[in-house]
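Please see the structure below; I have some questions.
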Amino acid sequence: MLNNYLLFGILPVLSISAILVFIRFLKGPYTLDRVVSLDFLINIGIGIIAIYSIVTDHSAFLDVAMILALIAFLGSIAFSYYLEQRGKR
Amino acid sequence: MEIIIMAMTSVGTLFILIAAIGLIRMPDFFLRLSVTIKAATLGLGFIMGGTALYFLEFSVTAKVIAIIFFLLITAPVSGHMIGRTAYFTGMKLWKGTILDELKGKYDRKTHSLTSDGDDPSERTPPVDEL
Amino acid sequence: MEYLLIFLIGLLYSSGIYLMLRKSMVKLLLGLILLGNGANILIFLMGDIAKGQPPIIPRDASIFTQMYADPVPQSLILTAIVISFGLQSFAIILLKRVYQMTKSDNLDTLNTHEIDI
Amino acid sequence: MQSTILKTATNYLLPLLLLFSVFILLRGHYESGGGFVGGLVASIAFVLHSFAYGLERTQKLLKYPPKSFIPAGLLLSFMSGVLPMFGGKAYMTGVWSSEPLPVIGLVGSALFFDIGVFIVVIGVTLTILFTISESIDQ
Amino acid sequence: MILAVLSGFIAALILAFSGKLFRGRLSVLLGLLPLSIFNYFLYFFPDISAGKVITFSYRWIPSLGINLDFRLDGLSMLFVMLITGIGALIYFYAASYLEGHKYLDRFYAYLSLFMGSMLGLVLADNTLLIFIFWELTSISSFFLIGFNNDNAESRKSALMALAITGCGGFFLLASFVLMGITTQTYSIGQMLSAPGFLKDQPAYGLILFFLFVGSFSKSAQFPFHFWLPGAMKAPTPVSAYLHSATMVKAGIYLLARFSPLLSDHLLWTNTLMITGGFTMIYAAVHSIFKKDLKSILAYSTISALGLLVFLIGIGTRYAIVAAAAFILVHALYKATLFLITGIIDHETGTRDIDKLGGLRKWFPLVALAGLLAALSNAGVPLTFGFIGKDLIYEATLHTQDFFRYSLTPLAVTTNILLLYAGFNAGIKPFAGSIPENLSKGPLHPSLSPLLWIPPLILGGMGVFFGFLPYVPDQLVISHAASSIYGSYIFMPLKIWHGFNLTLLLSAFTIIAGVALYFLYRPATASAATQYWLQWFSPQHLTEWVGEKTRLFAYHYTKTLQSGYLRSYILTITVFLIGLIGYRFFSTVDLRVNTSEFTEIRFFEFVVFAITVVATITTVFTNSRLTAIVSMSIIGLSICLIFVYYGAPDLAMTQFTIDTLTVVLFVLVLYRLPQYLINSNRKMKLRDGLVALSFGTLISLITLQALISPANKEISRFYADNAYLLAKGKNVVNVILVDFRGADTMVETMVLTIAALGVYSLLKLNVKPTDKD
Amino acid sequence: MIRQFMLNLMLTFVWVALTGDLSFVNFWFGFALGFFILYIKEKNDGDVRYFVRVPKIIGFMLYFFYEMIKANLQVAYDLITPKFFMKPGIVKYPLSARNEFEITMLSNIISLTPGTLILDVSADNTVLYIHVMYLKDRDKFVRRTKEKIENRLLEILR
Amino acid sequence: MTDNLLILPIFAHLLTAILLIFAWSHINIQRVISLFGHFMALILSLHLFSKTWKAGILTMQAGGWKAPFGITFVSDTLSATFVVLTAIAGLAVGIFSTVSVTKARMQFGYFAISHFLLMGLNGAFLTGDIFNLYVWFEIVIISSFVLMTLAGKKPQMEGAIKYVAMNMLASTVFLTAIAILYGLTGTLNMADLSLKVVQIEKKELVSVTSLLFFIGFGIKSAVFPLYFWLPSSYHTPPSAIAATFGGLLTKMGVYAMMRTFTLIFVPDAFTQHVLIACAIMTLFTGALGALNKTSIRRMFSYLIICHIGFMIGGLGLHTHVALAAVVFYLIHDIIVKTNLFLATGIIHKIRGSTDIRRLGGLYEEYPKLSLLMAIIFFSMVGIPPLSGFWPKIGLFQSSLDQRSYLLLAAFILASFFTLYIIAKMWSEVFWKDLPKRPEETNEFTELPLFKQTLLIVPVVGLALVSLYIGLGAENIMIISNRIATNMIDTGYYLDAVLNK
């Protein structure tokens, strides 16, 4: 039952959230909007992976979630660094 | 137990959904940023908690704690970094914004921020994407 | 699901080539990266598909007790990813360098020395 | 780009990430991870540091230029493969300790190989990123 | 014998390294080389006269069927005598002619190389060996003709000669190889043991075609003849050597050598008769319009070569004997005339016959030599030329009805014109009075004996052999003829055949020729005629083709190598699509059974859809940063796909690398200008279509590979043994560090090199002025 | 010194937790590793004492959690209703916290609370600029934040 | 039986490279280490060759995992020959580089990268695993990228972008082909593939896959119409680098093609036609391209393409004789092309240009050097009995045998054009008087005698090797024949890899 709930309840809702976020990504209008969308998408990805690890009963996937969490941060920092430097010009 | 897991994941997912809606609906960038940063963190926290409960294994719990801990540190920091960049690059505030005490506090050359003074030097024009 | 992946492979290869056919150096690189991604998924698809079953032997066993995804394509992709990272990062820097020298992102302007009679 | 918040956060993230990278490296043989991802995580730690504090501070932190990590790591993984050859075995034949060590488990040539990869990856990633950052600052 | 053949090469080598010794007076000594070879071969006369064939063999490259097989029979002997005999005289002559030349040593080196090659060519008993020497003669003649390399004309002529003879050479190789395939041997001796074999083979025509192209180009047959007049840019001793006895006769030698194998076939006979016949009359006609001594000699040489080809083509006993005799006749008088020309040029500074005359007063002995040569050329009785001409008429008269009446007049006309040319070259400069321009006297007051003795000897020989025809006949000509004919010919040469038609024709030839000499002065044709003649002349056509080829090459190369990277990639892609698409759609059964595929779940589909849209965004966005952020999203989606399919390691690495790449991109893009808003719609549409077909093709191939069952024994081995043998549970990692550790080792090196490259690329700043 | 010791202990704990191996040797290995890593970054030390105030921490955490849920619901409500009720603004917030650690902790907590987001800290570390979603009264916001969050946090940290 | 000797030529370069990175920017130490490494590599290679020659085939199962499960390194005569040639060419270029390469390049890793490159080549020649081959290819490619751009100025960089783009495209195609092959057979070991490919039900797919390999390798070996990267880039880097590229790099593609199209796929009629058609066009395009070039470097670049046509053509004919000829041609080509670019380097040093219009009078000034270069040029043209001639016999023979008259015509045409082009070049560069004394000083005569010797010695050495190939053709023929035999009959290879 838990599996079905996660598969047919939670994962679709997370996926819909991802779609919404992705729509923001497409709309922009600013690059930073896209960066934020990306960051959020990664977070949703972490959630999906966590749920998926329950569904498949493999905790190995949580390692991926961990890496995602660690590294998403770097991307955001890099983008803001870059945009700020560009603004400096 | 399953019920608790379902509840936790549901709450978490709901928070994420709300944040996603926020990201779509919010009228200016700062509002969107503000909404996503914490809702996502909170939502993920619930989901991870549910995961920890499901596995009930020491190593998994540790991993979950590590992830949450990490998110707690990084999410606000990246929010701050992105937010200041947004402000700096001249992102427009929503028309309903009632107060902007940051206006004119940035030095345009060095990007250093003063704590005081009302230097009315203009903000950089919006630098948007090519 | 395999159909979707096959579609994706086609899309990535198409997009990669399309971008490589543009005039911009940056697009050229993006195209190469997309091609690389396409190739990786292609390799992946060539193994035995087992959803959600990583090829990691369970903690309490010494051989697999259930289905597992084909580990060979995975390791091949890992190697391929890393290699293309090396090549791509070099290419990105090269792009920067060429831009520094020519002040142009336009590939069409890079043929000053190619034609001679 | 100076941000107090980022600096402080980095102070705590850097050791955490480094710890993490070693963790990922050592357990690679049993679960997901390995020298490659481990090395990447470690380099990301330093990259983060360079974002927060500027390149010079990070380079001071590292003491040796990242480029010098590369041959060291290469040599280590190379030697781990070569040593069995002196025993008349094929190149890269696995050699294992008879008793498992605590924390790591069985120690074998593959581990040293992975550590070599780890070091090379740190060297490579940092060399690339630092060189490019430097050239931007110029 | 091998030493005799190789001595030329050895001498060349010695001269190349220690040539300074022989730049001065010592150069005369070099003449001893051909002389001693000549002497060496004299010892074989008894054997040859006895009809024996002497063979020598040394192993060289048995794997290719190439050995240093040499064979001395009558035909070879005839040529060996010419090469070394005339060669010796040329060596001596050149020592004086080029006295004090800065690079005399080089000259002798080339000449020795050339002589060695010629010797090898005529002695080789292996077709490929013949070819090797053949090419060496081409190359060494290239150096000889271009000896005056500071002269642009000289360089051009050398190049032209090499181009024509070299090109012919490749055809010759093809011919030999085809012969080799057909007969299973490269040994001429073995081929000769079954002479009729080749004629019945289907490859016969092709063999013949290739052989003819090769030998005609060398022997200056129409339409390849034009390199020969150009080759007159060479120093005169070279012309004398190359065009009287050696180089141009190589083609004749070849035809003669293979005559027993290939003749007696309409294709052979007709081609040779037509080509030879046309060449001899064409060149003879040309020769009478020339005023330059060397040009006259050049065209008369071409004509004589045509005559030889013509005779070999007729292929009757008479014709063959005539050919054998005429080779010798021609060599003797032509070498003489060239040498005389050299002396005239050397002493007067001109070769224009209008500006020459009365030189007998300066050099009576040279005049005598000229007279003898001209007479021999004319076929005046009691000269060797008379016998030669006699035989030619005999040959044409002894053909069948139709030919008798067409060929004989042809031969007569040619001979008349040749006589005219010979008189112009051998008599005219010495006759009459010394013109004004030469009133100052010879350029070199004392004529070295080295200059006048050789032509006198050669001229004298022509008369000597005329008196005693059985000497050359017994020694070599009859045996040479037998070699050419393929079986023994008994037809002794006689001074006198009695009163018959042949004699009548000879007499007519002489009278008509002499009349022409006295009545006709070379006059330039009208400008228009000249233009058209020029335009249609093979030389012009060749140059025209050469020019057009160059132009075509230019446009062809420029079109392909346009400088635009995208057009290269387009070509490559279109080629790939065309080739593989054709193969794929024409052969592969496209039906697919998809029952084994996994089902699609919503959350999977969403990831897929996001990937697709992100990819499309990357492609079509006008913002570079958007493209990069989309790349990140693609990376994330692929990471999730890897998770769905149970590949956590992959997902981790993919994502980490992707982020790093994005960071790199972001760092680099700092300062790059905007995207160009570029390319028109048409181009985009075209590229889009190509790209789509490419992707579709790859997809279809993937699908086919996916549904074709594969043996997964290796994966299973890894899975089963990862823990038991390699002590790891993460099979992917175990593969990476153990089972396929070598890959990973190499992969780290790729990274290393990339990092070093990046480092050097950015740190090493070169200024545009720095040297490379 | 204490801070480093604490940090080291923390790292040790994380290590033990991550490996999931509670053995004695693993503990020491983690400690040694943490020590090594800290040694690497020694140059960045500050010298502040920390006291662990367990009850305060727990109380603070509960409060924080409550605020988080409450604010989130508020935002959620605003989002699903068509009209926006919010009155956003950027507020200059004078800091009592002085050192970098305190400031960072504070700003993280403020940022994590829905409705507020730290945009930047002034170069002299005296002022925070906060983006606030529901800003009815600027001064009230500053006061509330000072009382409910900053002061309690500083109590724990100092 | 596992024989670690197999991997030593690779290790020699690897260790040298690692040491060189440690000695970064110490030029003199680098010179010594590099030369030592080259010598070691040569000795080990020769040893490997002689051992392989005696034993037939050597194998080394890396990690002790027997084929097809691990990565197998195999040294058959073909591999060993290539390894030896690489070592010879490498040593020559190495010696040449110590003088000719600029200090700046040396300080930024020139030696290390070139050793990596040679290591990559050795690896590619010795591996018995198709994916491992890909990995080695990448080593070679990335090294060549770095060498090509090292201290590059504008033209070099412009060329490099194209070079990089097309080579990366080639790698992707190659990788795709490997993936599909794996999907069809489930194995990567080349010997195992040889067995499994035969068992595939859908034969047509095998052919399609083999064509993918052809395209991938075709780009790398500069076959028509995939060659574009070569003329746009090869003339730009300094001579020593160009020599390595011109001599060895494209040949790696040819090697890979020879391997895959003899061991794994036996070309069907269609593939043979494709190979032959491409060969014809390659010969034609290369010859035409070289015809008008005024820069001798560019001219040689096109000649490289042209001569690739000979090898691809021979591969397409696919008879024993043709394959032996291809091997012979390769042996000859590696040595001669390397030397060609080294000689060009000397010309450049002397005159400061490689433009025919600005060259001349070399024969007058440097007669002995000219003679030396004449040997190189005429070896390349294939004037018998120099090295380039012998393989043509086999190629002519097979094309006549197989009735590929168009191919024969192309062979003749290409040979003729090469002859003409070189003769013309000779007449312009060596015979013609120097049009105008260049402003730049003669770098060559300014060098101390010792350094001049270091430049000349490798050229002389390679010229001697090519003379040996020409005059001692029998030995080379024996080697080529043995290789061809093993290509046609792969049983021996399979036994050695899979059964022992």
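Labels for the chains are A, B, C, D, E, F and G, by order of writing; each one numbers its residues from 1.
Assume a contact is a pair of C-beta atoms (placed from the backbone, for glycine too) under 8 Å apart; a residue touches a chain by one contact, two chains touch by 3 or more.
It should be emphasised that the depicted structure is a prediction, and the values quoted were computed from it without experimental measurement.
Asks: Can you check which chain pair, C-D or A-B, has more C-beta pairs in contact?
Replies: Ranking C-D and A-B by C-beta contacts puts A-B first.
Asks: What's the chain with its C-alpha centre farthest out from subunit E?
Replies: Using the mean of the C-alpha atoms as each chain's centre, the farthest one from subunit E is F.
Asks: With centres defined from CA atoms, tell me which chain sits nearest the overall protein centre.
Replies: That would be G.
Asks: Could you tell me the distance, in whole angstrom, between the mean C-alpha positions of subunit E and subunit G?
Replies: 26
Asks: Which whole number of Å gives the spacing of the CA centres of subunit C and subunit E?
Replies: 49
Asks: I'd like the Å distance between the centres of subunit E and subunit F, where a centre is the mean of that chain's Cα atoms.
Replies: Measuring from centre to centre gives 86 Å for this pair.
Asks: Which subunit A residues reach two or more other chains?
Replies: Subunit A, residues with two or more chain partners: 14, 16, 18, 28, 31, 35, 37, 52, 56, 58, 60-61, 63-64, 66-67, 70-74, 77-79, 81, 84-86.
Asks: Send over the residues of subunit D in touch with two or more other chains.
Replies: Residues 1-3, 5-6, 9, 12, 16, 20, 30-33, 36-37, 41, 44, 47, 67, 70-71, 74, 78, 91-92, 94, 124, 128, 132, 135-136 of subunit D touch two or more partner chains.
Asks: Listing for subunit G: what residues touch at least two other chains?
Replies: Touching at least two other chains: 14, 21, 62-63, 131, 135, 138, 142, 145-146, 149, 153-154, 161-162, 165, 169, 176, 180, 182-183, 188, 231-232, 292.
Asks: So in the complex, which bits of subunit D are touching subunit C?
Replies: Against subunit C, subunit D makes touches at 30-32, 36, 124, 128, 132, 135.
Asks: Across the complex, what residues on subunit A touch subunit C?
Replies: Checking each residue of subunit A against subunit C gives 52, 55-56, 58, 60-61.
Asks: Help me check something: in the complex, which residues belonging to subunit E touch subunit C?
Replies: By the definition above, subunit E touches subunit C via 554, 558, 561-566, 569-570, 573, 594, 597-601, 604-605, 608, 611-612, 615-616, 618-619, 624, 627-628, 631, 634-635, 638, 641-642, 644-650, 653-654, 657, 660-661, 664-665, 668-669, 671-673, 675-676, 678-679, 687-688, 690-692, 694-696, 698-699, 702-703, 705-706, 712, 714-715, 718-720, 722-724, 729-732, 735-736, 740, 743-744, 747, 750-751, 753-755, 757-758, 761-762.
Asks: Quick one: which bits of subunit A touch subunit D in the complex? Just the residue numbers, please.
Replies: Answer in residue numbers: 60, 63-64, 66-67, 70-71, 73-74, 77-78, 81, 84-85.
Asks: Quick one: which bits of subunit E touch subunit A in the complex? Just the residue numbers, please.
Replies: It is residues 601-603, 606-607, 609-610, 613-614, 617, 623, 625-626, 629-630, 632-633, 636, 639-640, 643-644, 646, 648, 651-652, 655-656, 659, 662-663, 666-667, 669-670 of subunit E that touch subunit A.
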